[in-house]
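One chain, chain A, appears in both complexes that follow, with chain B as partner in the first and chain C in the second.
Presenting the complex of A and B:
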């Protein structure tokens, strides 16, 4: 098996934790009791060791886990008041999440790394998991339902479904409210992040101005770029800690973290249902994402590639040829079959529109039966699996 | 057919003096005649022949849906192929079976031919542009000749003249040889005349370019 190349080491990761803080009070309380499960015990011990190694750094700020710290000293709300937070309960009910989904996790998903840089308390890890899950489900939905889509349209559709703007909209539709300033005394039902002041420029990590390379091909985009095929490179999210961010950034990270935590707590079938209800239910006109520059040339290349007769534009009907507002209806025919139809105020316009419509008819082909790969995960009975259509690719002129 | 008749009647008669004997001519002078004239028969889907309630499906005329894949673009093993071909067969048969000659209906002009229209599959609409076959007749020495002439005197041997001389397209001449200094000069002249445009003309031209770009974008 091929070994994955390691580009970064994990050693610089704990250095970011500048300020030591008391460990989670749950672990502090449970350390005194005797846990029944040995697996929980080992996990708690490792967590304590983790906390102790940090508190042993600068001795002046050392705080014992058992001493009472004021809530204002914490960078983000403590997990314990989450169970009694009305806002969190309301959010859980609004999203129709089952009661076995803990409110503490929901509260943790609301804490952006800019508010709390401790990875044990913020949502960075959950949002990485959630963004991968969202990308996986969206990609498989698009590729299985529209197997002939060009790659640029797939990227645009991904951006429309789970892009930053879509996630921000979803978060605002869910009624996520932001705290004015993060802190331990704030209600845990509010989105905790350090707010970027209006008029300030974006922090460096959010400005994706650095181009990856001077020549970016579609292959490069597939291989090296993110799921939206962006040509600009963003710096790593690790470095964005403790810097003020706009509301959109924090709202997206909450949506991703919620998906990740749902996957951890409630399992894959629930996440798939949740994804279908909240993301796939949003209507996207994929036919509006196309932008053909030379549709007539593309169509004749396509017909030559597929072995059809060369496309011929034929005038189906017209009105007012000598008037100020003529309308021509032109169809593109290959042999005796009509491939597409378009109308326009000039013969050229109608011809080009008809060719674009024919190309859309080709690219927007949808198979009748679609079985996405993730629906077969963990299934014993594999007889329901139907192989999906794999197309040979878009037209390259 | 009734609409044809009303249209014929709506055309005003010419006022030239005629040498034929005078004929009586009815004008649409009253409101009643106007209303009668403008009354068009309802679409056939709105006037079902059964008295029982039926489903009325009469969508407005619109462009075809791009999500409906044409028959030719379906893969070989798609089940929609059989469905589409069966539907086409059925509709053709039904149309030919139901159709009667137009002269059987009252109110048909006498000039109408009594033949039925041809079958849908037998003739195609006229082509928008003249169809041609690519000839591939130019040899290497012709291409060398095109290059030599164009580079020698690009003002005399323009793309149009070379295309006429060698019987190829201007696009092909442009592919074979480029005259960058001439293109630059022409572009400079165009830019000079573009700079003389007023505001209205510039806006109109820019809008035209924008509309042209939208042809391939929205259907």
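Presenting the complex of A and C:
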């Protein structure tokens, strides 16, 4: 689980106004020229463009003679045609975003760094913010609602809600279409990224790297790994620029960047609602995520830890013991309390299933009233806060 | 490791939480010359602006297709398309077909022969002979 870096995310300000953005070379050129002078048509050199885009003062005189840059020279669509793009406004309406969310930002969220390496025009920064927010909201939902969940199951549940595969699926369910090739002349409503050609191997930065340490403990995963507890580490995203990526990578970055831009433009309550509607509303059976190795041993350790009587498996009923299809129903009892029940084709199978059912009953405990920490952000009235259950953790065998 | 976890992906339930209209684009094609496009042209002139206004989530394109019957093509989120030929139809008929394409999910038409389809397990569970009132033989 990655630690959250959202110290500055609490405030809400429009992205376009607040960030000191370097000027786009397309607008910079148009601003300084007479519109009807088509005599001098020189191709823009990228070095000049970068020098211009990072200088906050007026553009240098060297580029002023340039009259017209063809749209194809831009690496990604210019922000101005976004306002009239039918695809973008349809996407905004499909996601039920309010009209005050600017289409230009939506268009920027669709530009992957592989298409446009200029950080002022791609979605890298928005995507970092969005991924932190997604991780934060998912983690607090899981930890507050299921305080006794073992750490590996928490990681798997995070992966199921906001993992790379889940985000790719969500993007395709939102009807995101990808451009065949990024460029300034492409419709801004298409996902802009440089495609990995089929058959080519993944770029180095996307391939999972082996960690330096070989013994990865759960604590290590919580502290240093990502929010899914992966043992392998990836390189930093900065190095992945201008390298072809698969469609999945670009689609994930769009979903994360959209969350980030929603946070900046529409504020925290809206993002929380959006997150609840589009992410938490998805169906996930957490009890199907458990994969026990030796549930009977775990259960006896758990009973010893909690001070219950040692668990005893007793046969509740059976049929066809000497037939081809015997069925045994076995219950696990601690004293007079039945902890779990399971049925199986052999006595052992039924006993193991009963122990697993008892363990799931313990681990999947859900408090009735839950207030997640983010619901108290910006609240003046703190009396609504109810402290959450903190469990001592899973059984250590 | 006493316990490991299975990695899956949470399943979408469209309409629980957010609802996303499955039709993402409607293409309207007509012919300026032929008579079979008369209703389609009337629809484009009179009803289409209102229809587009009511459904901002659908991208609408209108383009002539000379010497062909008029057709509405719907593009869906699952990647499929559905085309309906609207030759010789009136304005109202074309509108009905546009609504049909708007409401379609893009899936092939299937017979639903179960009253309920759900991701959730049955609350009552599978019937078991060992539970509940015993049957005396």
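Observations
One rule holds in what follows: the second predicted complex is superposed on the first by the 329 of 397 C-alpha atoms of A that agree within 3 Å, B and C clash if a C-alpha of one lies under 4 Å from a C-alpha of the other, contacts with A are read in each partner's own complex, and residues count from 1 in each chain.
Quick note on the criterion: a residue touches a chain if its C-beta (ideal position, glycine included) is under 8 Å from a C-beta of that chain, and two chains touch if they have at least 3 such contacts.
All of these numbers come straight from a predicted model, not from anything done at the bench.
Residue contacts after overlaying the shared chain place A:365 against chain B, while chain C stays out of touching range.
In the superposition on chain A, no contact is made by A:200 with either chain B or chain C. In the superposed model, A:86 lies in contact with chain C only, and not with chain B.
By the touch criterion defined above, A:397 lies against chain C but remains apart from chain B after alignment on the C-alpha atoms of chain A. Of the two partner chains, chain C is the only one that A:156 touches; chain B does not reach it. When the two complexes are overlaid on their common chain A, residue A:291 makes contact with chain B and with chain C alike. In the superposition on chain A, no contact is made by A:181 with either chain B or chain C.
In the superposition on chain A, contact of A:351 is made with chain B only, not with chain C. Once the two complexes are overlaid on the shared chain, A:276 sits against chain C while remaining clear of chain B.
Common to the chain B and chain C interfaces on chain A are residues 288, 290-294, 316, 343.
Listing the residues of chain A that touch chain C in their complex gives 86-87, 89-90, 93-96, 150, 152-153, 155-157, 159-161, 163, 165-166, 169-170, 172-175, 276-278, 280-284, 288-294, 297-298, 316-317, 319, 329, 343, 394-397.
Interface of chain A with chain B (complex): residues 287-288, 290-295, 308, 312-316, 330-331, 333-344, 347, 349-353, 356-358, 360-362, 364-368, 389.
Residues 63-64, 66-75, 78-80, 121, 124-129, 131, 215-219 of chain B are the ones touching chain A in the complex.
Touching chain A in their complex are the following residues of chain C: 1-14, 16-18, 20-21, 24-25, 56-61, 77, 119-120, 128-130.
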